[in-house]
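Okay, structure first, notes after.
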Amino acid sequence: MTDSIYTAACLYKLPDTEIIAVSPKTGPASIECFYEEHLSAIGVFQEIVKGDREESCDAYIISCFGDPGIFAAREVTKKPVVGIAEAAIATAKFLAPNFSVITLLDRTVAAVQEVIHRYGAAQFCKSIRSTGLGVLDFEADFDRGLEALARESKKAVDEDKAECVLLGCAGFVDFVESLRKNLGVPVLDGVSPAVKYAEILVQMGLETSKINTFAFPPEKEVKGFTIF
Amino acid sequence: MTDSIYTAACLYKLPDTEIIAVSPKTGPASIECFYEEHLSAIGVFQEIVKGDREESCDAYIISCFGDPGIFAAREVTKKPVVGIAEAAIATAKFLAPNFSVITLLDRTVAAVQEVIHRYGAAQFCKSIRSTGLGVLDFEADFDRGLEALARESKKAVDEDKAECVLLGCAGFVDFVESLRKNLGVPVLDGVSPAVKYAEILVQMGLETSKINTFAFPPEKEVKGFTIF
Amino acid sequence: MTDSIYTAACLYKLPDTEIIAVSPKTGPASIECFYEEHLSAIGVFQEIVKGDREESCDAYIISCFGDPGIFAAREVTKKPVVGIAEAAIATAKFLAPNFSVITLLDRTVAAVQEVIHRYGAAQFCKSIRSTGLGVLDFEADFDRGLEALARESKKAVDEDKAECVLLGCAGFVDFVESLRKNLGVPVLDGVSPAVKYAEILVQMGLETSKINTFAFPPEKEVKGFTIF
Amino acid sequence: MTDSIYTAACLYKLPDTEIIAVSPKTGPASIECFYEEHLSAIGVFQEIVKGDREESCDAYIISCFGDPGIFAAREVTKKPVVGIAEAAIATAKFLAPNFSVITLLDRTVAAVQEVIHRYGAAQFCKSIRSTGLGVLDFEADFDRGLEALARESKKAVDEDKAECVLLGCAGFVDFVESLRKNLGVPVLDGVSPAVKYAEILVQMGLETSKINTFAFPPEKEVKGFTIF
Amino acid sequence: MTDSIYTAACLYKLPDTEIIAVSPKTGPASIECFYEEHLSAIGVFQEIVKGDREESCDAYIISCFGDPGIFAAREVTKKPVVGIAEAAIATAKFLAPNFSVITLLDRTVAAVQEVIHRYGAAQFCKSIRSTGLGVLDFEADFDRGLEALARESKKAVDEDKAECVLLGCAGFVDFVESLRKNLGVPVLDGVSPAVKYAEILVQMGLETSKINTFAFPPEKEVKGFTIF
Amino acid sequence: MTDSIYTAACLYKLPDTEIIAVSPKTGPASIECFYEEHLSAIGVFQEIVKGDREESCDAYIISCFGDPGIFAAREVTKKPVVGIAEAAIATAKFLAPNFSVITLLDRTVAAVQEVIHRYGAAQFCKSIRSTGLGVLDFEADFDRGLEALARESKKAVDEDKAECVLLGCAGFVDFVESLRKNLGVPVLDGVSPAVKYAEILVQMGLETSKINTFAFPPEKEVKGFTIF
């Protein structure tokens, strides 16, 4: 999946942009519930600190449609941090009056709802539909995954009157091209636009507001993990 | 003011991007109330149709922090249309948990509120502050304008706890640099980021969803104006 | 359609009330999208100024369920301005705990939603249903129009549990009587109640608040249109 | 106070309209808390049933800015029932983009908030200000009452940026004229407009929707009170 | 029904807790509309005053899922007052991300909606479903009542994706046990948890905040009823 | 601080309730930002699994007013999980029409806001005030901490009209008694009521709904942490 994300991230990047796609050293194989979001966060922080210290990264993209610590990540670095859900939502709002999200499982609907609320998008969201398949199902059987995404996307357009479809999992980037063909509305993943948003924030010289909420964490003893 | 906007639009544009900055042939000298928003809309539509037919424009930016017909403009063309208010808001949300907007006059607060609601940003907006000066005052006396913007920006940060400041008028682009120096939070105009959002939508091959709400207007007799 | 509106406006007017029904000199033949709302606004302003100067009108009614410039119209004159959507909504709220709106087309649902929000009625609105027919279809074939309105009204009551039905187009005034017969809930157009609201505002000597948001527009050069 | 309300109710009534102003036979001398709202409701129902049976009333006005059983009253009769808070709010929305309410006491702010929410007016309400005086204080000392109302109204306009002021107690009708003189924004009581709304609902032949929520109460034994 | 409530109230009470279950001396035989809510309130206040004066009650439970005067009851006594709707909602929120409510009749949906809003639970409420049966139907035919509750509960889970079911009538306490067996989600009545909440408020020495909104009613003449 | 929490947890517990107060083996010394919330979550999950496997715990209390993984914790176990913020909020709603929260620092206001929204309490929250002191400041200097809490609590009551005060940090439990003396409104910490809510959920035999959102996490390889 990291390879797919890397490919999607490179699709529209500027020539000079260098993408480093990493899967954190700690955490679960995929993120399909609140628990796994939290398990992923530590590794996300570690990669960001490494990016700041060793790789001189200009910005960070968190490739999960849920929330494995985005606000916290904005505390950890002053470089821009872009989540793929907010990137997809921001893009949809420029193109359509509303959208639906296709998520993995019934149980991940709640996490998408939290994200939708957090970014002020509840009034634009027509529905959150689940495919009933997990991350590994999509990796194991492309055709079955495509069929499920196409089916739910079509229902979102026909039944829920969505005028744009967001793919609610970083693992769905492989399906964007195929889905766009027949649906008649924009189909957006979050990975490609997140790269573009990161690029333009860097280009405009903008950094995270450090005045209060997203200030660096206080220096303090942390047991069990080494982040900084 | 069109020159200032042109300069701001060029600040961060890609080398290959060509900016055509136009002031519509019809409409008021500036936009400071709902009435003037409406008077501006006809000219906006005419420029967009001209851009589609004669100039092969790839995208359109509407440089008004209020709403001189953005949804209607998305009906008129299939090319992306970006408003500067939504561009500024989208940018702020990547950088800070909240923001305040500095607008011209007490009477324009209501128009900003409509825009804030339309883009789902009410939950992020700490305050809308007015300078008490009109567009022409800012053009006539730079120092007085800067002083007013600096004063209200500082109040937004200190009293309203805003962690980002949005400049709620295209005419404020000249003041961005000076304001950024001492405020301690990101100061954003909408013109520069709007150019960047337009660029990336074009680069990703995305166009306005034409399936329903933003479909082209029906062909129909229009008395008094020639748009198409 | 102006004749139908005139007839509906006269239905319940006081004996001394004089109705002047005008179709603005500029604008589209009907209003079925955001673009056409904006095209209509200039003509609306011109008629209001003419009404103030030449006809000593006491109040103005804007007979469109969408928003062809109502807030702007309140800036242009100090006389009360009443829109038919807000008139229908205000009436419904006195009679029922909720309502549905029947609109023309799928694409006009979004414009009705804006209006519903603007008047603080989202919590009362059970659904917005579209007939799939345009303004001219209703004019061309009464029976087909009636059938479509009756069908959607019944669905609003039976499926969406609406306890009142609002007809979301000024052109629907011809159908009110027929629709009321069998539906079992109040069926409201906005034209007749708008006349009554205008009458009582005049009778009570009330005018638009001119202290800030709805103050007269600043005197300013306007290119291309003569309003004042 | 019933006399004052009668006078206010007659101010703008049509010549043929007959006003019957009654103070229910049971209940508290004034309404200044939730408890007193409930104590008043029984008498309200009794008067409505009497009005239906003995006086052939065409509509009912409940002259309390709080809620002594308005929804219940709509169950008890099919004739229109108009509350003075909703009448004042509906009027304000035709005239101004927002309003403030002046209420009696700090403790009645919560009841006004409930009413504001119930009528979908939260987005228009700039503030609810209390005078610190009770109903009887206003009756006992006109000048002191006027001074308190004028002071809070002015603060609502100057500090809270209200563009219309609603008088949040039926007992305030005596003060409307004096308050209007210097404030510069519309000052509205609810009694006069409620009469006008009742008149026009009757004139248009409209009655409460009886299909579900406001259907007549089921016939049932009631201990302790005789209503029907 | 008072017996059923008593039984449910005793189910989980602490050994030392004494339950006094009373049906007020005045009011309707059951509560199935807004009108009946108001008719019940007087008797509720009388019982509370009696409880304070004669029975040294430590807390009060109002066993109606609607609102027969809960805020008013909090004015009448300083002892904690717990409603069964808020008790059920509070419990559900500890156990599930959302819930549905099963109410009696279509007409009682609106009263439940008011309660849901009042307790800030709109964002958690998936649906309010009605059985189509009245209170007396449930008393007259247990099996028919159970079948209706089971059917709507299952629809709430399967169709509305509710993850918890609240029984929206005190009379449903007899059905809890049977409903829990097969549904697969928590099924909650409000009576048992209300007793527990009352117990713990008493145990922690907490009383209603009397500083403003819920202060004791002012001493005042009340015609027709003797409460204090 | 764990000792203080233990003491507060025991204040009102039932005689048979055994409290095990633990500070997770991993994580930061205190929680004062989003980052530290995430760092704490892993340890919380580990303690819960240990509690389930080794200590036969009947319920879990997470003693942080922010959110170190409460939804995730509900996935990890089927036993009830109670957070102290939701416990404090639930208690306040039984006692007062609104409340304010006193939090540590300006930067923790945002985390409290998230919690307030998550529990549907935005409509009840008058203000969130910060003391400007960190967790360790409160531990180091009791008098200074008390003075800060008393000052902000008083402002919440006097200026923000709060009728109940919530102490927004587990570390504030030591100050409850002193604060209650002079404030005139209920002062609530979340620890003591959380224990009571946990007790009653256990007593009523209730467990977390496992049907969907809070189902156990899928079995899956997790790198770097051992939780189950």
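Think of it as A, B, C, D, E and F in the order they're written, each chain with its own count starting at 1.
Throughout what follows, a contact is a pair of C-beta atoms (placed from the backbone, for glycine too) under 8 Å apart; a residue touches a chain by one contact, two chains touch by 3 or more.
Source: prediction; values computed, not measured.
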Name the chain whose C-alpha centroid is farthest from the C-alpha centroid of subunit E.
-> B
Indicate whether more than half of the residue numbers at the subunit A-subunit F interface occur in both copies; give same if so and different if not.
-> same
Equivalent of A-F within the choices D-E, C-D or A-B, defined by over half of its residue contact pairs recurring = D-E
Maximum distance between Cα centroids and subunit F occurs for chain C
Rigid-body rotation angle, subunit E and subunit A, from Cα fit (steps of 5°) | 120
Would you kindly tell me how far, in whole Å, the mean C-alpha position of subunit E lies from that of subunit B?
-> 52
Centre-to-centre distance between subunit C and subunit B (centres being mean Cα positions), rounded to whole Å | 30
Distance from subunit F to subunit B - Cα centre to Cα centre, in angstrom = 43
Pull out every residue in subunit E that's touching 2 or more other chains.
-> 71, 97, 106, 109-110, 161, 212-213
Name, in rising order, each residue of subunit E that touches subunit D in their complex.
-> 25-30, 32-39, 41-43, 45, 69, 71-72, 75-76, 106-107, 109-110, 117, 134, 212-213, 215, 217-218, 220-225, 227
The subunit D residues in contact with subunit C across the complex are 11-12, 14, 71, 80-82, 86, 90-91, 93-98, 119-124, 157, 161, 163-164, 184-186, 188, 192-193, 196-197, 199-201, 203-204, 206-209, 211-214
